[in-house]
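Given below, in the form of structure tokens, are the structures.
Both complexes shown next keep subunit A, but they swap its partner, so subunit B is in the first and subunit C is in the second.
Let's look at the complex of A and B:
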């Protein structure tokens, strides 16, 4: 069964590498870029939201911090966005450190609400600190293609940048999932008291996951700024935070591939719904989208990745039930 | 020989309730000490104080010369004290092996050696065949045993067992007693709370009786079971007559 797994992996990577070359349709290529981009953000979210079980509804904060930081450095100080993105990552980590220090001891809904508020505060700040952020006018990056500017004439170039980030994030997640850090995150999610009893400094481990997740999310935020070349304080909006969490939830929280799968399903659905229905009746696309989400959560509660699991089953003997295992032991 | 665990004048107060008062206890390295007493005597509270889940309001708790009183739970564990929970706290969606590995990671950074240690511990608890079963699908008895496995995987010097035998059938008790003996023979000091008197009397080298938050008696199982105060407070006349 291992062979099936690697075959699928190779197929997926080949499809990802050549997929956008098959079409020259700009709308479809945009979807490929968006899938890679949101897949990367959802994968970053998954570290804290899926593995550590801290339902963050404020990841737009880190995304927006990345976009604003690299753009401000680029526009005001002519710093290459490649470096600006790293700076954005660092700023996001610092803000995660502050907010994490305050909120990480909160459990369940309190943590979710605190993260929600954090992004909302940044949105208000971005609107009102007009000297720095141009307020509601938004940030416009002049179109000046060049590698150093991280601005490209072709969507394909953007796509491969996003794909590189995505693959790095998925690989990192896989590595974490089989290492001590990953086991600790899951143990904390499953039972924080028991985790502490086994020598795990839960606050520190969760904080580390939050910082890493914030850094990764901010990098993609910078990418978004360079791709769209325009954004406004609405980048901090709750619907973006919710969207990020939804990709991971629909795809499969706490799994390596789930968040990407969620983005790969939901991003095209949103795009297609908008282009098919958006003009017929205002809001109908959002309505249908919501209905699809409800059905997905009802019928695939463990995420779409759980539907693929039978393909890889029998990695361990199918002693899925204790009774079977015990019967086996007694014979 | 100096004691592995020293409790001195330990007091735990919950508001107006004095749950543990002026409690002193020495546990020597290599001992198996049973802690008994009626419901509400403060046994689990005392465990939680030692393990860092409750702050003590007075006194000191010293492990091998280092103060562990009022240190957070994870630091107490790193100092060498592992505990089980009376009300089990399984990692529901982890397998038995993964759960034990979480414990083993304390002293083994890489997954391969953590896995090796975890498998070895599961073997000692006769749970290898359940390695890939999810913790949530275990019976309560096996969840309790998994608590022991996880704790043991941290390779502690002192193991605190909180009613791991409750709910076992009479046939299952001797097996677990053997396991605890072999753990102890491997150099782990054991302090346990238990209500099954037959088990306590068989395995404990020393029995400490807690009553109303205070130390009532401390001695060999035979001494304690003959102590009229212990009989009156906990064991009952019938037990004394039978013994």
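Let's look at the complex of A and C:
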């Protein structure tokens, strides 16, 4: 079974490395970039959402902070976006520190609402601080290809940058999932009081996960800005936060590969639905998409990864026993 | 600021607050009893607005007479949603509850886009533009009607919850669902009833908003965040909290829109929202502990 697992892993990496080379279709290559990009963001969300159990609906905040910070440094101070992205990550961590202190004690839906409000405030600020952000006009980055500018003529170059981020994030998640830090997070998610009683500083551990997740999300936000070369304050919209969370949830939250799997399923589905149905009747693509989401959440609540789990040896406890334990803990 | 201006702003704020209270009552009722935060709440409002719009424009009903069709219509709609989407999520994890309703809101918005297109549609009737002149004070008639209706709906809900057997059963379920079940209350039936009732009230709110605002498929997103702010400020699950919270937010929004740039007024209530969550997460009248980490 272990052999199967490693074989699949190698196959997946090879497929990811050569996949976009097979086609020269720009639409399909764009999908590859978007899968890698959203897969990376969803993997970052998963640290706080999946492992620590904090249902963030405000990750667009960190994504947008990354995009705005690197772009502002690039356009106004001519700082290379590679460094600007790091600056964006730091700004995102600072904002995560503030919002983390406010929200970290809140229960599921309340945490979701508070993070949602946070992103909404940033969206309003980005719209109205026109001197800094150009307001609703949005930020336009002139097309000037070059490695130092982090602007590329070919989608393939963007793809490999996104893939590198994605692989780094998945590897980091795997490392966390087998580390003491990861076990702390899961312990807090399953029963915060019990975790506290065992001596885990829950607030500190969750805050650490939030900071890390914010930093990772902001890096991808900078990537997005460099890839699209245009964005508006709507980058902070709730839709984007929801989208990020949904990738991880549909794929399987609290698992190493789930968020990527979710993005790999949903990004092409959305893209195909849009190009296939979108023009026939406005809204029908979103309708089908929403219906798929509701059905997936009701019938596959542990994500599509849980359907693949029987393929591998029972290294993790099967979902059924986990649910039974949760049900017991609730009563 | 002159006294006249102050009174004018206060009146506008109180009336706006009545509207906010009205759109929040259904949300807080559903949360209080079922512990479900309905992220599709704004779309229920949107459905109520469209139904009212077509009753007025296609069936030529008076917009206020249309209420007697919209409320039962949305009650049935709520029953349908409860049985198909909400019931399977009761007792499930937060993720399932939050995202089932998020998915539902995407579906409803898309369905409205398919059925009614993205056009923004409003009513233009004598009554929608009618103004009330009280000396130097001028207020809109639809605003006054919406405010009065909000108060009546809240009073009716209080009477229903306080005086009737079904109301008592709902309150018992809200307090302790296991104990309620042991006392012979059919908890799933109470859930169904509460959800449908909350939906009907939200539809009623939509119909009362229709003479004031325009409707489009994404109209719910304009109101849903305010409703959440009101409900958290008043206390999740508290009907009187929704009333007081709605009035407070309405007044704050009106004054802050005047004192500072109106563009920032939405940011003000989000900031209030975050402050409430930090200082008193149970809200003004809330059930303590419902918002904090699992006990």
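Annotations for the structure displayed:
Definition applied: the second predicted complex is superposed on the first by the 313 of 331 C-alpha atoms of A that agree within 3 Å, B and C clash if a C-alpha of one lies under 4 Å from a C-alpha of the other, contacts with A are read in each partner's own complex, and residues count from 1 in each chain.
We adopt the following convention: a contact is a pair of C-beta atoms (placed from the backbone, for glycine too) under 8 Å apart; a residue touches a chain by one contact, two chains touch by 3 or more.
Owing to the predicted nature of the structure, the values given are computational and were not obtained by experimental measurement.
Contacts of A:287 after superposition on the shared chain: subunit C is touched, whereas subunit B is not. Of the two partner chains placed by superposition, A:94 touches none, neither subunit B nor subunit C. In the superposition on chain A, A:109 contacts subunit C only, with no contact to subunit B. Of the two partner chains, neither subunit B nor subunit C is touched by A:132. Of the two partners subunit B and subunit C, more residues of subunit A are touched by C. In the overlay built on the shared chain, the residue A:193 is in contact with subunit B and with subunit C.
Residue contacts after overlaying the shared chain place A:11 against neither subunit B nor subunit C.
In the superposition on chain A, contact of A:246 is made with subunit C only, not with subunit B. With the contact threshold set out at the top, residues 191, 193, 326 of subunit A are in contact with subunit B in one structure and with subunit C in the other. On subunit A, the positions that touch subunit C within their shared complex are 55, 57, 102-103, 105-110, 112-114, 116-118, 120-121, 124-125, 127-128, 191-193, 238, 242, 245-246, 249, 253, 281-287, 289-291, 293-294, 297-298, 301, 326, 330. By the touch criterion given at the top, residues 37, 85, 88-89, 91-100, 102-107, 109-114, 117-118, 217, 221, 225, 228-229, 232, 236, 261, 263-264, 266-267, 270-271, 273-274, 277-278, 281, 290-295 of subunit C touch subunit A in their complex. Touching subunit A in their complex are the following residues of subunit B: 51-53, 72-74, 77-78, 82-83, 85, 89-94, 98-99, 101-103, 105-106, 109-111, 114, 129-130, 132-133, 137-139, 142, 150-151, 153-154.
For subunit A in complex with subunit B, the residues that touch the partner chain are 178-180, 183-184, 186-187, 190-191, 193-202, 316-317, 319-322, 325-326, 328-329.
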